[in-house]
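Please go over the structures that come below.
Both of the next two complexes hold chain A, though its partner changes from chain B to chain C.
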Partner chain A sequence: MNTPEFLAGNEAVAQAVRLCRPRVIAAYPITPQTTVVERLSEIVEAGELDAEFVHVESEHSALALLMGSAAMGSRTFTATSSQGLLYMAECLYYASGGRWPLVMMNANRALALPWNIYGDQSDSLALVSAGWVQAYAENAQEALDMIIQAYAVAEDPAIRTPVLVNLDGFVLTHTYEPVSVPEQAEVDAFLPPRDLPDGFPGTFRADAPQSLAITAGPGDYTVFKYQQHAALLAAAAAIRATAERFRARFGRGAQGLVEAWQADDAEFVLITLGSIAGSVRSAIRALREQGVRAGLLRLRYLRPFPAEELGAALFGSQRSLPVRAVGVLEKDISFGHQGSVSLEVKAALYEHASRHRAPAPPVLNFVAGLGGQEIALTDLHAMFADLQGLAHSPSDDRRHLAAPGFTDVRFAGMERFLEENQHQDAA
Partner chain B sequence: MSGAPVTAPPCALRPFARETQLAAWPATPQADAGQLVASNGGWRSLWPAIALDACNGCGLCLLFCPDGAMVWNAHGLPEVAADWCKGCGLCARECPKDLIVMQAEPTP
Partner chain C sequence: MKKISIKTLPDEEFFVGHKGCSGCGGTLILRWTLKALGDRCYVVVPAGCMSAISFIYPQMAFGVNAMIAPFAATGAVLSGIAATIRARGIRDVHVVGFAGDGATADIGLQSLSGALDRRERILYICYDNEAYMNTGVQRSGATPRGARTTTSPSGQVRFAAAKKDLVRIAAAHGIPYAASATTGHPADFLRKLDRARQVDGPAFLHVFAPCPPGWGCATDAAADLGRSVVETGLWPLVEWDHGEVRINREPRSFAPLADYLGAQARFRALGEEDLAAIAAARDHHWQALRAWARECAAAAPAAHPA
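Moving on to the complex of A and B:
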C-alpha cells in the first residue's frame, strides 16, 4: 500500500484523471470546480500527463470538443458545476446519444437565481435524464476511485455511455482528507488502453471518413433511444463488475450502486447521496446507543437507478426487522412536486410494493442543504425523530413545515417560520 | 474544374437497418461519408433547374451547395442529386451566369 496523500476532493479527482491518462482535457473554470482543472493544467504543464489541455470559451464548447476528440478515439476529461453544467445541457444529450464514452466531474452547486455559489444537488439532478451514468461520491477517496472506474464503465463496448461523477461543492471538493493515490502501472493495468480501439462505434479514421451525429427520423429515432436506455440499464452490472475488479486490485471500495450501512435491522432508514452520508453515520451511531434502530442507504449511483438493490436492501430476506419509515434526504427540490430523489425512491417503492403485493413504508422527503445550508447533526437527529414519530402516530405529523398539499416534504431551514405556517397547513 | 466526379456514385441512400434484429442496427447514429440515411427531398418546395446549354462548368454551384447535392455528370456539367437537395436556392443565387432557376418540382 502506498502512503496516503492529504488531498481535497478536487485534487483527488485531478490525481485520478492524471492516472487515467486522457489525451484531451477541455474545460472552463467555475467555482467550486476550478481547482480540478487548475491542478490538471499544472500537471499537463509539468509534463506529468501527455495531454492536450484546451482552454475553451464555454462549457458548451468543452463538451462539444470532447465529443470530437472521442470520435477520433481519444480518452477525454472535463469538469464543471452548476450554471456550467446547465449551459452544456444540450451537449450532454448529444454525447449520450452519440454514445461517446466521456467522463466528466461535476461539483454539485446551487442554481441561480438567487445567485449562490455553494453546494447543493439541483444541478446534476436537473439533468438526471440526460442519458449519462450519474455517480455521487461520499468522500475524496471514493471520488478518486469513481473517476478511475468511470472510464472502465464508459469505455465498456457493451455500455458506451458517458459518466458524470458528482462531488458536493465545497463540502467535498474543498475538504482535505487522506487519500490513497494508486501507482500509474496499477491504473494502466486496470483500464483499457487510453486510445479507443479501431472501429470502436462512434469513432472513425481520417482515411475512412464518416458523418457523425446524423439524423434519424420517426421510428428510427426510437430504436436509437431504446438502445441508449438498454445500455444504461446494462451499466448497472458493468458498474458492479468494475467495482469488484477495482476492489480485487486496489483493496477498497463499495461494490453496489447502493451502499447499505447498519440497514439490515434498521426500522428507520434514511436514504441519501453524497457527502452528507458521513454525518448520517454519526447520527446513526448516536441513535443506536439510545436503542433506536436507525440505518443508512446511500445511493452511490442515480443512473442507472438501482431500484432492485433498493428493494432488496429495504425488503430482502437478510432483514431481521421490517422497515417502519423511510426518509429521503437530498439537496434538491423539483419545484411544484418534491425532491427529485424522493420521486425516484417512491417510484421504486411503489413498483416493489405492487409487484410483491406488499405495503410500502411511509416516506418523508427532507429537502435540506439548499444553497450550501448547513445540515447539522441536530438536523439529522430531528429527521430520524420525524421518522419515528411518523411510524408511531401517523396522524401526528403536522407540526412541521410542509409544502401545501405535500405534508411529507419537509424543508430544513424553514423551521423558524413554523408558527407562521400553521395557518397554511390549517387552510 | 470540371472532370472528376465530386460525389460518386452520386447519392447513395442507405437507410438504417430494416432488419427485425436490434443487433443489425448501427451502434451509433453515424454513417459512411457520402451516404444519406433518409432523403432530404421532403424539405424541398422548389427545384433548381439548370440551363445546361450555356453552363461552362465553373463549379461554383458545387462549392456553395451546403448539402453536397450538386454532382458532376458524365459530361462534366452539374447535376442535382434529388435525395440530397433541400431546395434552398443557394446555387441559383450564386450561379454567375444565372443559369439556375428555382421552379416548381418536376412531376415524376
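Moving on to the complex of A and C:
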C-alpha cells in the first residue's frame, strides 16, 4: 500500500497520466484545467515521462493533433474546460467517428455568456451525445483511478471509443486531498502497452497503406454510426469489467456505472453526479438520524447511459421499500426544457415503467450550482424536504412546486433575487 | 536521397481512381508530389475537393497512408503525425499536407501557424485554385482581385484586399523554406519539392492550381495558365530559403494581362479600369517583393544548413 500523497484533483490527473505513459500530450491552457498540463509539462521536462508535449495554438488543434498521433498508433492525452471543450466540439464527433481511443480530462466549468470561470456541468453535458464515454469523478482519488481505467476501456479493441473524464471545476480540480498514487509497474501491468498494436483499426500501417477518416454515403454511413453506437453501449460491460480488474489489483474503487449509497431502503432518492455527492452523503446521514429514509445514486458515467443499473437500483429485488420520490440534482440547464441529466433519468424511468407496466415515481429536477453557486447543506435538506412534500401531497397540489414557466424544475440559488424582486417574474 | 527531377519521376502512381474533374490542377500537383516522394508518405488532406474525390468508402484513391483532417486542422493533424514520428524515432518518412486555399489562407491559417511556429518537420502544400471550389466557387482569402465567384458575382473589384500572400505569411514564421510554384513549370515545382523535403523543419509550397469548372477555363489549360500567370506578373515564382529570398523569374516586362485573364470566364466582366487597377496592384506587389528580397539580403542570413 502506498503512502497517500496530498494532491489536488488536477494533480491527481497529472499523476495518473504520467503512469499511463502517453506518447503525445497536446494542450491549450484554460482555467481551471491549467494545472493539469503545467504539472505534465514539468513531468515531461524532468524526464519522468518520455512523451512529446506539444504546445498547440487552440483546443481545436489539440484534439485534431491527437487524432493524427492516434492514427500513428500512439496513446495520447489532453485536457480542457468550458469554452475550450466547445471550441473543439467538431473534433469530439470526429474522434469518436474515427474510433480513436483518446482520453481527455475536462474541468467542468460554466459557459459564457456571462463569463464565469467557476464550476458547473453545462460544458460536458452539451456534448453528451458526441460519442465519447463520459465519466464524472467524485474526488481526486476517483479522478486518478478513472483516468487509468479510461485508457483500458478506450483501447479495448471491441470498444475503440474515446473517453472524457470530468472533474468539477475548482471544487475538485483545485481541492487537495490524500490520494494513493500507484507504482508504475502496477499500472504497466494493468494497461496494454503504450503503443497500439500493429494493425489496430484506425491506425496507419507502414507495410499496407490505409486511408483513414473517410467519407461514406448514406447507406454505409448508417452502418458506421450503428457500429459506433453499439460499441459505446458495449462499453458499459467493459467499464464494469475494468473496474473489477482495477479493484482486484489496486484494492479500491467503486464498481459499476452507478454508485448506490444508502439506497436500498431509501424512499427519497437523490440522483446526482460529480463532487456534490459528498455533501449529499452528509445530508443523508443527518436525515437518517431524523428517521428520514433518504438515499443517493451517483451517476459515475453518463455515457454509456446506465439505464439498467438505474432501474435495478430504484426497483430491484434487493429493495426493502419502494421509492416514493426521486430528485435529480445537476449543475446544468438545457434551456427551454430542464436539466440534461433529469431528461436522461426520466427517459430511463419511463422505459422501465412501460416495460414492467409499473408506475414510475415522481421526479423533481434541482438545477443548482450554476456558475459555481454554492450548494449548501441547507439546500440539500430543502431538496429532500421537497421530495417528501411531493410524496405526501395530493397529486393536484403539485403545481406549487413549479416556478412559472417550468415543470417540476427548481433553480437553487435564486432566493436573494426573488426576495429583492418580489414584484417581478423570475422566469 | 535520390534527387527529384522530372526526368527521374517513376512510373508508379500513388493517386489514381479519384473523382477529380477534368483538368484539375490540384490533383495534378498531388500526383506529381507522390510520384516524387514515393510510398513512405503520410498525407493529410482537409475536408474539401481533394478529400471529397478520393476517400469515398470503399474506394480509396491514395496508394500511401492518408487521412482527412477537420477543415481547420490540417496543420494540427500533420503535427500529431510528426509528434509520433519524433517520439518513436521513425526515419525516412514524409509528412505531407495537401490543402486548398480556403483550408490554408482562411479557416486553417491558425492551425498552420501553430505548426510552423513549432517547427514541425512537415511539408505543407497549398494548392491554390483561388476560391472554395468544393462548395461551388465561393470567394476565399486567396481569390484574386477581379475574379467572379458565386459570392462575389460582380467580380472582386469592389474588394480592397489583395490575395493573401501565403509565401510571405509562412516565411514570417522564420521557417526554413517557403516557395511558390505553378502547374505550368513542373521542373521548377519538382526542384522546390526536392528542396522542401530536405530542410530540417517545416516547408511550405504555394502552388497555382487551375480549376476548369470554377474558373471557366479549358480542361487542358493547366500548363498554359500556369505559364501565363507568371509571364503576366500575377504569380511571381519566389523562394524563401533560410532567410534568403530568391525571385526565380524576373520578367523585364510583363505580358499583356489579357494573355492570362482572357482565357477564363471568371474575369470576363472586367473593364479597362479594372484591368488598370489589377496592373497597378501587380506592380505594387512586385515593388514590395523586390524590397523584401533586398531587405533579406541586407540582413545577416540565418544559419544555413545544407
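Please note the rule applied: the second predicted complex is superposed on the first by the 400 of 427 C-alpha atoms of A that agree within 3 Å, B and C clash if a C-alpha of one lies under 4 Å from a C-alpha of the other, contacts with A are read in each partner's own complex, and residues count from 1 in each chain.
Simple rule for what comes next: a contact is a pair of C-beta atoms (placed from the backbone, for glycine too) under 8 Å apart; a residue touches a chain by one contact, two chains touch by 3 or more.
Bear in mind that the values here come from a model prediction, so they are computed numbers and not experimental data.
*Asks:* Both complexes share chain A, so when I overlay them there, do chain B and chain C fit or clash?
*Replies:* In the arrangement built by aligning on chain A, the partners chain C and chain B clash.
*Asks:* Looking at the overlay, what does A:Ala26 touch: chain B (first), chain C (second), both, or neither?
*Replies:* second
*Asks:* Determine, under the contact definition given at the top, whether A:Gly217 touches first (chain B), second (chain C), both, or neither.
*Replies:* Both chain B and chain C are touched by A:Gly217.
*Asks:* Applying the document's definition of touch, where does A:Val54 land relative to chain B and chain C: first, second, both, or neither?
*Replies:* second
*Asks:* If we overlay the two complexes on their shared chain A, which of chain B and chain C does A:Arg285 touch? Say first, second, both or neither.
*Replies:* neither
*Asks:* Between chain B and chain C, whom does A:His356 touch in the aligned arrangement: first, second, both, or neither?
*Replies:* Touch partners of A:His356: none, neither chain B nor chain C.
*Asks:* Applying the document's definition of touching, compare chain B and chain C: which contacts more of chain A?
*Replies:* It is C that touches the greater number of chain A residues.
*Asks:* Would you check which partner chain A:Gly68 touches, where first means chain B only, second means chain C only, and both and neither mean what they say?
*Replies:* second
*Asks:* When the two structures are overlaid on chain A, which partner does A:Arg99 contact: first (chain B), second (chain C), both, or neither?
*Replies:* It touches chain B, and chain C stays clear.
*Asks:* Considering only the touch criterion stated at the top, classify A:Arg252 as touching first (chain B), second (chain C), both, or neither.
*Replies:* neither
*Asks:* For A:Gln227, using the defined touch cut-off, is the partner it touches chain B, chain C, both, or neither? Pick first, second, both or neither.
*Replies:* The first partner, chain B, only.
*Asks:* Tell me which region of chain C runs into chain B after superposition, given the options 115-123, 205-213 or 259-267.
*Replies:* The answer is stretch 205-213.
*Asks:* Using the superposition on A, tell me which residues of chain A are in contact with chain B and, in the other complex, with chain C.
*Replies:* Comparing the two interfaces on chain A, one with chain B and one with chain C, the shared residues are 204, 209-217, 220.
*Asks:* Please output the residues of chain C touching chain A within their complex, sorted ascending.
*Replies:* Per the touch definition, chain C meets chain A at residues 39-40, 42, 44, 51-52, 54-58, 60-70, 72-73, 75-88, 110-111, 113-114, 117-118.
*Asks:* Provide the residue numbers of chain A that touch chain B in the complex, in ascending order.
*Replies:* By the definition above, chain A touches chain B via 97-99, 160, 201-202, 204, 208-217, 220, 223-224, 226-227.
*Asks:* For a test of understanding, state which residues of chain A touch chain C in their complex under the given definition.
*Replies:* It is residues 23-24, 26, 50-52, 54-58, 60-62, 64-74, 90-91, 94, 195, 204-206, 209-217, 220 of chain A that touch chain C.
*Asks:* Residues of chain B touching chain A in their complex?
*Replies:* It is residues 15-16, 22, 25-33, 35, 37-38 of chain B that touch chain A.
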